[in-house]
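A short write-up of the structure that comes next.
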Amino acid sequence: MPTAEHDHVYKILDLVGSSETSIEDAIKNAISRASKTVREIRWFEVVQTRGHVENGAVRHFQVTLRVGFTLEE
Amino acid sequence: MPTAEHDHVYKILDLVGSSETSIEDAIKNAISRASKTVREIRWFEVVQTRGHVENGAVRHFQVTLRVGFTLEE
Amino acid sequence: MPTAEHDHVYKILDLVGSSETSIEDAIKNAISRASKTVREIRWFEVVQTRGHVENGAVRHFQVTLRVGFTLEE
Amino acid sequence: MPTAEHDHVYKILDLVGSSETSIEDAIKNAISRASKTVREIRWFEVVQTRGHVENGAVRHFQVTLRVGFTLEE
Amino acid sequence: MPTAEHDHVYKILDLVGSSETSIEDAIKNAISRASKTVREIRWFEVVQTRGHVENGAVRHFQVTLRVGFTLEE
Amino acid sequence: MPTAEHDHVYKILDLVGSSETSIEDAIKNAISRASKTVREIRWFEVVQTRGHVENGAVRHFQVTLRVGFTLEE
Amino acid sequence: MPTAEHDHVYKILDLVGSSETSIEDAIKNAISRASKTVREIRWFEVVQTRGHVENGAVRHFQVTLRVGFTLEE
Amino acid sequence: MPTAEHDHVYKILDLVGSSETSIEDAIKNAISRASKTVREIRWFEVVQTRGHVENGAVRHFQVTLRVGFTLEE
Amino acid sequence: MPTAEHDHVYKILDLVGSSETSIEDAIKNAISRASKTVREIRWFEVVQTRGHVENGAVRHFQVTLRVGFTLEE
Amino acid sequence: MPTAEHDHVYKILDLVGSSETSIEDAIKNAISRASKTVREIRWFEVVQTRGHVENGAVRHFQVTLRVGFTLEE
Amino acid sequence: MPTAEHDHVYKILDLVGSSETSIEDAIKNAISRASKTVREIRWFEVVQTRGHVENGAVRHFQVTLRVGFTLEE
Amino acid sequence: MPTAEHDHVYKILDLVGSSETSIEDAIKNAISRASKTVREIRWFEVVQTRGHVENGAVRHFQVTLRVGFTLEE
């Protein structure tokens, strides 16, 4: 949680991102998609890491995130 | 968590539904109400089940849900 | 937790109710039984849902509740 | 957890049952299905209650259970 | 959770408020800021209390809240 | 948990106290009220901090406590 | 949780027992003391194990228990 | 979790063991019974400690374990 | 949890996979190994991420997974 | 958790502070005491709030904190 | 947590002790070892109980403890 | 937790590592930095995964670890 800008109120958003490649990529996809509508995202926290399996192989990683952004005055 | 549509990013919404009848009905009321403003709800998860008591009898069931929906491109 | 009567102190009681029929019925049985000795029960919260199996069939649902009641002045 | 037969060792199995009707029905479906291969199921505990939504309506309840059964000597 | 108005569906919002003075003040700042855009906030629950330290002294208290408000019909 | 008097058995009581002023005051109100009927309270632990909001302002803090007291011989 | 007597409602009591000897002994002390005032205790569950240290040696084990007993009709 | 044999995949089994004597004995009974059918058990973790009470005295300790064993190639 | 095939009962298996390279690789190794004996694995969930250190460097990542598969009729 | 200085490794210290006055004061006492030996404390997180009761009145608040500080190069 | 000496700040240390004999012995070994370098240990809390299995028999009990000691002025 | 060297007492250290690249890299950075002052680190466990976002992109991964090392005799 960023503490440098302490006068703000943060709002927290819960998201699930996915990727065929990696956990980091699933996080980036979720952040990138959320940034289209929410400005000033500051931090995230991983809540859960799951995935989908097909024919005995991992098909997707799915990461649930809590994302904090500044409520602009 | 639906994994069939793995390229989407899901957003999660927390809701409390209530019913005088049953836990299932409280869930349905919350989903039904949320569907008025949020399209593409895909799954829910029960976080907490509570209720209200009056004169020694259960008056309402109140169910807190996490609801996941697809962020449309 | 009822907030309408905010000047009271609530006491919390933990109970296990059971029913052969449903989770809601197990909750109602516990509340009904507790109301014989505790007046002014206001709310409950489900802590755990368990059950008993006999011959491959569910025999009882057992629900652990936290029950809040007003401490009368 | 049944304590009447205290000399046994229990094994615990985790299952997910589903039903279009109710949480209780999802539990019963899981217990019923497990009973085909595991004899002597004695108790269950609900770990998580989730569900699937289609067109703004609950389509299925999905209940994750821990199921305990006696390891026969 | 208010139970007096049991026919409503509540939505839950997660916020982080901060204050140089106290935990209560951080809560009030978050509620006050959220009330600018969300009407009918009814209750809050503290999820986490953190803070920022500078030169060996507490600089801010930061409180993460879950805030419930009525979804108006 | 006080360890100085180690030969005692403690009983634990769960309470909810409230205050319009502060979290500390809600704790004190619960302890004070419980002391009317339970002697020898020794310690408390905060389990949850919640509150009630009216017209965009915090109206009460509600604190759930576990309270330990000595069972007198 | 005993499931043999499924028509009862159980009440749960939280206790802390202590012993200079062992964890089992601390449990037995708490159960024994509670049995003086509560009849029909049926099961217990260990919630926490702590202890007191003096001069670099364990002085007491302190075990917090949840104890379930039948509410007699 | 043993890390010396890092190329293996471990499987985890959940068990409940019981003993009239001690927690350690309940653990040993569960491990001993599981070893009849599962070779290469390497570690265990205590998940829950419960017990059965009769006539105001502890009758059995019941310990839930997670048990890890090597999946043989 | 896949919801597309809602008439199935899923069984959950707990596994620990390891890899010298990455968390994703440890997950894939566990899934791959389990697929040799369990058909129809559908999803996984990460329960814990640990690892082994030798001479001040990470030697292995060890990931505990819950793995869900369809119980075939 | 401060994110402005991202190249550092933080160490986390667990502390218990106490105060006769308030929760905030107990936090400040712990931080102040720790700052005598640990430089560069950056943030704290409240883990548990407890207290001591004497003669039916709160005597001390005791707050367990996790405290993060920069490991200096 | 000792409350008799309320003006102190406690520091918490996490340790893992082991014993071939019992859980209590593993706790005592950890406390005894820690007392060589840390004076004024006052209390401990069991965080986790695990163990090592060899040839189908428990070889060691391993207990993770949180240990609190007074920070001397 | 390594069980091969069962006569040791382990101490646990909590750390936060960070990396612009990956979760694994953040873990390695923390372990590497800790190894400068603590010899005989044996295992780690991931407690939390967070990160920092700037301009809609992930800037750093921050991983909180528990690190166990042997207390040398």
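Each chain carries a letter (A, B, C, D, E, F, G, H, I, J, K and L) given by its place in the written order, and its residues are counted from 1.
Definition applied: a contact is a pair of C-beta atoms (placed from the backbone, for glycine too) under 8 Å apart; a residue touches a chain by one contact, two chains touch by 3 or more.
Since the model is a prediction, treat every value here as computed from it, not as a measurement.
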Touch-network distance, subunit D to subunit L, counted in steps: 2
For subunit C placed onto subunit K, the superposition rotation in degrees, Cα atoms, nearest 5: 120
Where subunit C and subunit E are represented by their mean Cα positions, the distance between them in whole Å: 29
Between subunit D and subunit J, centroid-to-centroid distance (C-alpha), Å: 43
Gap in Å, rounded to a whole number, between the CA centres of subunit C and subunit B: 22
Residue numbers of subunit G (touch at least two other chains): 1-3, 13-14, 22-23, 42-43, 50-52
Interface residues, subunit A side, partner subunit E - complex: 1, 3, 6-14, 66, 68, 71
Subunit A-facing residues of subunit L, complex: 22-23, 48-53, 56-58, 61
Contacting residues of subunit F [partner subunit C, same complex]: 13-18, 20, 29-30, 33-34, 50-52, 59-60, 62, 64
Interfacial residue positions of subunit C with respect to subunit B in the complex: 2, 22-24, 27-28, 31-32, 35, 41-46, 67
